[in-house]
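To start, the structure under review is shown below, and the notes come after it.
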Amino acid sequence: MSDITANSASGAPRKGSLLVQDGRTQRRNAAERRFQIYGMIAVSVAVLALIFLLTSIVRNGIGAFSQTFITLDVVLAEDKLDKTGNRDRDEMAKVSTFGYAPLITAAIEDRIAAEGIEIEGLSKPVDLISKQAAADLRDFVLANTDRVGETVEFQFLASGRIDGYYKGRVTMASAELDSNVTPQQLMLADALKDTGALERTFNWGFITSPDASENRPEASGLGVAILGSLYMMIVVLVLALPIGVAASIYLEEFAPKNRLTDLIEVNISNLAAVPSIVFGILGLAIFINFAGLPQSAPIVGGLVLTLMTLPTIIIATRASLKSVPPSIREAALGVGASKMQTVFHHVLPLAAPGILTGTIIGLAQALGETAPLLLIGMVAFVREYPGAPPEGFFDPASALPVQIYNWTTRSDPAFVERASGAIIVLLVFLLLMNLIAIILRRRFERRW
Amino acid sequence: MNDIKISASGVDVFYGDTHAIKNVSVEIEGNTVTAFIGPSGCGKSTFLRCLNRMNDTIDIARVTGSILLDGEDIYDAKVDPVQLRAKVGMVFQKPNPFPKSIYDNIAYGPRIHGLARNKAELDEIVEKSLRRGAIWEEVKDRLDQPGTGLSGGQQQRLCIARAIATEPEVLLMDEPCSALDPIATAQVEELIDELRQQYSVVIVTHSMQQAARVSQKTAFFHLGDLVEYGETGHIFTNPEDSRTESYITGRIG
Amino acid sequence: MPLIWLIAIILVLAAVGFVMGRSRAVASAGGDARVLHSLPSYYGWNVALTVITPAFGLLVLWLLVQPLWIESRVSSQLPDSAISDTSTRGLVMSDVRRVSEGLEALDAPLLASERAVDEAFLSDLRNRLGAAGVALGSDISPEVFVAARSYRSLSSWGETLMSVAVLLAALGGFGVSYLVTNKDFRARNTVERGILTVLILAASIAILTTVGLVFSMLFEARNFFAAHSWQDFFFGTKWAPDFRGNSELAILPLLWGTLYISFIALLVAVPVGLFAAIYLSEYATSRVRSVAKPAIEVLAGIPTIVYGLFALITVGPMLRDYFALPLGLGQSSSSVLTAGVVMGIMLIPFVSSLSDDIINAVPQAMRDGSYGLGATQSETIRQVVVPAALPGIVGAILLAASRAIGETMIVVLGAGAAAAQFDRGLGELVNPFEAMTTVTVKIVSQLTGDTDFSSPETLVAFALGLSLFTITLGLNVLALWIVRRYREQYE
Amino acid sequence: ARDQVQVAGSSTVLPYASIVAEAFGENFDFPTPVVESGGSSAGLKRFCEGVGENTIDIANASRKIREGEVAACADAGVTDIIEVRIGYDGIVFASQIDGPAFTSFTEDHWYMALAEQVFMDGEMKDNPFTMWNEVDSSLPAAEIQAFIPGTKHGTREVFEEKVLLVGCEASGAVEGMMSAGLSEDDAEDACMSVRTDGRSVDIDGDYTETLARIDANSNGVGVFGLAFYENNTDKLKVATMSGVAPSTETISTGEYPVSRPLYFYIKAAHIGVIPGLKEFAQFFVADEIAGPDGPLAQYGLVSDPVLSETQMMIEAEETMSSGS
Amino acid sequence: MNDIKISASGVDVFYGDTHAIKNVSVEIEGNTVTAFIGPSGCGKSTFLRCLNRMNDTIDIARVTGSILLDGEDIYDAKVDPVQLRAKVGMVFQKPNPFPKSIYDNIAYGPRIHGLARNKAELDEIVEKSLRRGAIWEEVKDRLDQPGTGLSGGQQQRLCIARAIATEPEVLLMDEPCSALDPIATAQVEELIDELRQQYSVVIVTHSMQQAARVSQKTAFFHLGDLVEYGETGHIFTNPEDSRTESYITGRIG
């Protein structure tokens, strides 16, 4: 027993009060505390980064959800819109939007005169109105040919700079330097606001409208992009999750363990490292050039993103399958379950949290990815809504990340706000999409 | 004399390079309880797991030799291990309940084998199995609670109940009473005796008394060899091999 | 019959087959399901699957082959005179298809072959088609109309024939599988073989993807090496593409940037992610965990452009003003460190969420064993839990590393677009405050750039892609080998 | 079958193309064309993939199609290509509005400030300048920090040839180098190689990135497109080049030296097959769109003085081979 | 009479709503082997786990009452369970070797407690512990192989060796011999007797013989109650409670 005493002497003295920590225990507990603090720091770093990013996104983007409108009475002059006077729609369609612009100019000038607003040096008051206005007016007239000749009250979008003025993006000082707006126009806007002609309201158009060109940031919306992303995510979810899980089950549970399956395993991890744009190259070659699917279509986008997401899901699924203790498998096999039954009844449910995590991360990546869509034609300016499924999968569409990317590259500063607004929409979309997975994952989590 | 149920000949098992079972041949009879005894680590579990091909699940394990069940080679490529395991049930040395409810633990086997036509029948099977496993009284009020929340001995009996719920023709039991008190042990032994009327039972045990009590045949393993196999009475009273004698009398471990 | 109906009929047939197969099996056992080889539902599935598999197989095949066949039939009937010099047969055929699609929407009499195909009829037809929502690029020529009409009739024939054939296949499958159904039939094995086939097919998609990726790059990469010396590409030290040709396109500077930036990103993501995972799975209350884990996962879903701008506007200038300038390490706001740190933040959830799940799956008995010896929780985690979860954690880290290698936007905005400068000495190469760029960035920028698309400056993207693929393959082999060595399998 | 016109290519042309597409969709019964971005070369590559519905109809390019590309196109069966020049893109030099007074440059300022090596005292030396006023005392005393287009951008080529090379010649460096024994080609290459010590930063992204970098760096001077500048006059201060201020007028007259033509290319074989293709092309170059008072010019396009020729060419479906 | 090492009074344990230990008070002496006996599921393991606060790791478990070790309340907020567990070691009912090498399994405890100054000392501790755990001969050639690849009984002895390697003052052993053959059991019992010279040992066992052989004190649990506690000899020969008597004579389970 002498060596025990020796040990005690060399190591921690073992006799002693529980209430008093000996030196070594203190050190170990300090290490423990440090370890736990590292953990807290790690979580806080992640959460703080998230909060920082989110607040900056929200601060920049919340403005996109409201928009300034100007209400005007427009005289639908017959001599301009329907020279023949027989209200033939096809005839009237010959008048292009350029023909409608003067009506709007007249409307705002009339309004200024009627309100008795006088601003020295005011030029081109029509610049207050979005360029979208003519198109809206034309659509209205062509849909209601009988109202030509009447005076109609219309709510027009205000132009981007005027809208920016009320969101703090444009100031009198900046307008001085700005070639697209003058301080006088801002004063006019204030005057119109006082009369109630100008107001700022919630902007449904941001969520429902299609994209608009660079001339009209105020009219641009996410309608097409949301549909496109939705269609793509449906494809990805329907394909990537089952294929990914099936492939992992085969590789982890059934495949013989040999060089070939090692190769496959390495290969799949390697696929995860392939830059996403390369999947676009593949998609162009296979789905468009070889299989003849249409360009710019969500189905192709979905397929490409599926291929891109598969490795993520497979890696996560295999890791979780691996972590299920063999004793569970033995128990099932021992009562005469087949391997297939063992996997589907016992192993898979226990691996579910990891599978769902892989899916959440994979979908997050797929939802946010632009580069692979570049080569299959989805990084595009698309104004037509895709149809309802299933045909809609084959119609051209845009996607949320594409819209964000496009808007951040546009020159008009009004698009910065819209890009951030689109990011908010994307994140909400992501959370909604993942909500089920997150809830399911919590249900499946258990320790044994 | 009973029919031969399982006939193993020249079985060798390797774990990687470790030679765990060395050229073992043994014939296990129907309607008989066969006890495997031997010092810890001698290969009892390993050999037992050969009999229903549970060693298939261990990557590094390699089995050679032939094992016939009712005259059919169970290692034949055509044999479906699933069917085999349905016939040859197993209670593992370490209790391994599913992380499911107690009810589902028992009902699982009958469900996948279609032993019950309806819920009532299934309930009946579950109750009967739990009763036979001598655990019904303890769990009857908590059938919906997880099997993993039971005490060690309860888990062991749960696993016994689970194994008999599928009505296997041969039941392999690896130290089924190791965590049981004398009464529970006696109940399980009674069960074994009852099972013997219809089936074969192979039991691994470290208790000579238990082997003597329940088994008709005994096999003594030592360092991977089957040293002696014969009538239990004979082995315990009149062992032929000196190692057997030493073991029984408690001189080698 | 519309496709959707055909599919619906097959599905209904499968459902019927399921029920009937099931009951036949039970009946053959005299009502006692226990006598059956397999569970009754397996017999049902067997019939259902043998209805569905051949029918859908045939359907898909038919849908693929029929248009090709009709296309070639009709196209061969199309006289050469119908094809103008600027056009091609293929383009005229797409007009034919469009017209024939339109015809389907119009009245049947239009299709009657005895109708005169004159000018007036055709221009009227164009209007009618326009009204039916089929816009045409030009007037319909008589040849095109005739071809479209025969296209239409052939395809409606084909469709009818297909419906019949597919239904026959479904019924055949039904009959055969129904007849073999009896109590000794190994239905479970059959169904499971079917499922296994599906699993194998799913796994082979991953392989096919690889093959596809390699082949889609191989051809163009070969063109690149035909136009540019491979020695320069692999062993050169300068990346300087030039519109006038004579570019220096060496992979080494880009590779260095890739490795350096990814390394820094992992230096951030791995410790933070791992500690976060450990904290969430071992220390945090389940309430904290249930909020924090999905929240951290949001980091993976924020579009990379946001991170890029974060790097460009916030992190870059900050690192420059507070570190690089005071330390005299450079005056660039784009730097390896900026991109690495920001990318690291994006990668946190890749490490943390997956590791958290794996750590959580380590059996409690392992922890108990350690606590029972007087280990602290952190000792238990570090020495027992994490090693047991190692394969999964390594998988998660590899996934993060993969993302780091594949990322573009953060690098462009955070680290710049200029390749590492090998000729400026080692100091600048290892200086984390230097601007650098990665292979992936250059793949994207060369593909989307303005250089002639058949010039080496553009084609180099494919060579870069292929090389990167090979290099990461090597790294993955290494990782697998390491995991194999250190894997600890619990029971 | 595809109903809408499909356009891909240059990101410089994208804003113009989308303005036109939008107006086209509003005023015609054809669906709005889909306009993809992704770069001139990527667009042309897609364009040259072949004829047929699943290839694009129009490729936008911020440069002329090259010989090799025409050949590649022809190999894939794309033989009849209509080339349409829509106007010019002006390239301007601008800095933070509150930054140092960068108001006028000459080409040789840029050469001296950005060249890898400069010709001084009869020999080539590594560029020693770190401050603009070292280059020329009329320039502000600010650190040299230039944000120029990366090597992927066509604008870089224009910058090199129309600014650096011109400046190099003007400063007499070319002569000097040639007298020091360099061949003319080598001398020109030397003129156009940009220093890599971090004073000049390549921008592979868009002008928004250049703007953000200038925002973060008060000494920065950046290269922008005229259209981009005109939308951000409240943040940027533009500099004259050799005394000429950039504007649509000075560029279209050729006074302001740095600009480049913008094009799109039509697949003639698709005309008559894809509904609205020809109408779109015609609409694009119509006076009310691409003319000096049209929305494109308003946005910043320098309209083409000979637009009517282009209109006639489209009307006649004149392809490149048959045209020139 | 020995000192009181552990003194528990009024201990209750709940698993959720299950009342697993009901107001148990017991005093465990130093230099003594105390046996806990009782039918399966009566709460032996639960109570044992209270003594070194292993129940802390079970979320749903709730312990009330006071347990003093050397007069100090181990549930005191100031008490560090880590230090406690270093003093009060444990061998679990289900062997749970770490998925590490056999060597590392044993060396783990000494390493974290810093019991060895160098590799040689550590080697020595490992060998000595394995020897005392009666498993050295079987594993000495495969120290670098995983502990999970051992047979059931070997794993059990490995876990015993692991627990004694850290030299705890009190050793809690939950059925340490359940998977062991008689010889190995005898060796472990010898070890227990040896440990008693310096430390306290609490052992849960289902074998009355074992309890009688190794323990000086015996506690009999039944349905969560501590029915009787006293000198082993006394309990086995002259139980006061009828339930104790029934259990010992094999009439209740």
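We call the chains A, B, C, D and E, going by the order they appear; numbering starts again at 1 in every chain.
One rule holds for everything that comes next: a residue touches a chain if its C-beta (ideal position, glycine included) is under 8 Å from a C-beta of that chain, and two chains touch if they have at least 3 such contacts.
Bear in mind that the values here come from a model prediction, so they are computed numbers and not experimental data.
The set of chains in contact with subunit A as well as subunit C comprises B, D, E. When the partners of subunit C are compared with those of subunit E, the chains appearing in both lists are A, B. Farthest chain from subunit E, judged by C-alpha centroids: D. By count of C-beta pairs in contact, C-D exceeds the other of the chain pairs B-C and C-D. Averaging Cα coordinates per chain and for the whole protein, the chain whose average falls nearest the overall one is C.
For the pair subunit D and subunit E, the distance between mean C-alpha positions equals 82 Å. Separating the CA-averaged centres of subunit C and subunit D is a span of 35 Å.
With centres defined as mean CA coordinates, subunit B is found 58 Å away from subunit A.
For this pair, subunit A with subunit D, the centres built from the Cα atoms lie 31 Å apart. Multi-chain contact residues of subunit A (touching two or more other chains): 28-29, 32, 284, 326-327, 338, 350, 374-375, 408, 448. For subunit E, residues touching at least two other chains, in rising order: 82-84, 86-87, 94, 112-113.
Contact of a single residue of subunit C with at least two other chains is seen at positions 188, 309, 364, 376, 379, 447-448, 489-491.
Every pair of chains in contact is given here: A-B, A-C, A-D, A-E, B-C, B-E, C-D, C-E.
Contact residues on subunit D toward subunit A in their complex (touch as defined above): 2, 4, 6, 8, 11, 14-15, 17-19, 21-23, 25-27, 29, 31-32, 34-38, 42, 46, 49, 53-56, 97, 205-208, 225, 227-228, 230-235, 288, 295, 298-299.
Across the complex, subunit A meets subunit D through its residues 93, 96-98, 131, 135, 138-139, 170, 174-180, 211-216, 284, 288-289, 292-296, 374-375, 377-384, 396, 406, 408-413. Against subunit D, in their complex, subunit C makes its touches with residues 86-88, 90-91, 94-95, 97-98, 101, 135-138, 240-244, 246, 309, 312-313, 316-317, 330-334, 412-413, 416-418, 421, 424, 434-435, 437, 441, 445-455, 458.
For subunit A in complex with subunit B, the touching residues are 257, 326-339, 341, 345-346, 350, 446, 448. Residue ranges on subunit A touching subunit C, taken from their complex, read 28-29, 31-32, 35-36, 38-43, 45-47, 49-50, 53-54, 56-57, 242-244, 246-247, 249-251, 254-255, 262, 264-279, 281-282, 284-286, 307, 310-312, 314-316, 318-320, 322-327, 338, 340, 350-351, 353-354, 357-358, 360-361, 364-365, 367-368, 370-371, 374-375, 401, 404-405, 408, 419, 423, 426-427, 430-431, 434, 438, 442, 445, 447-448.
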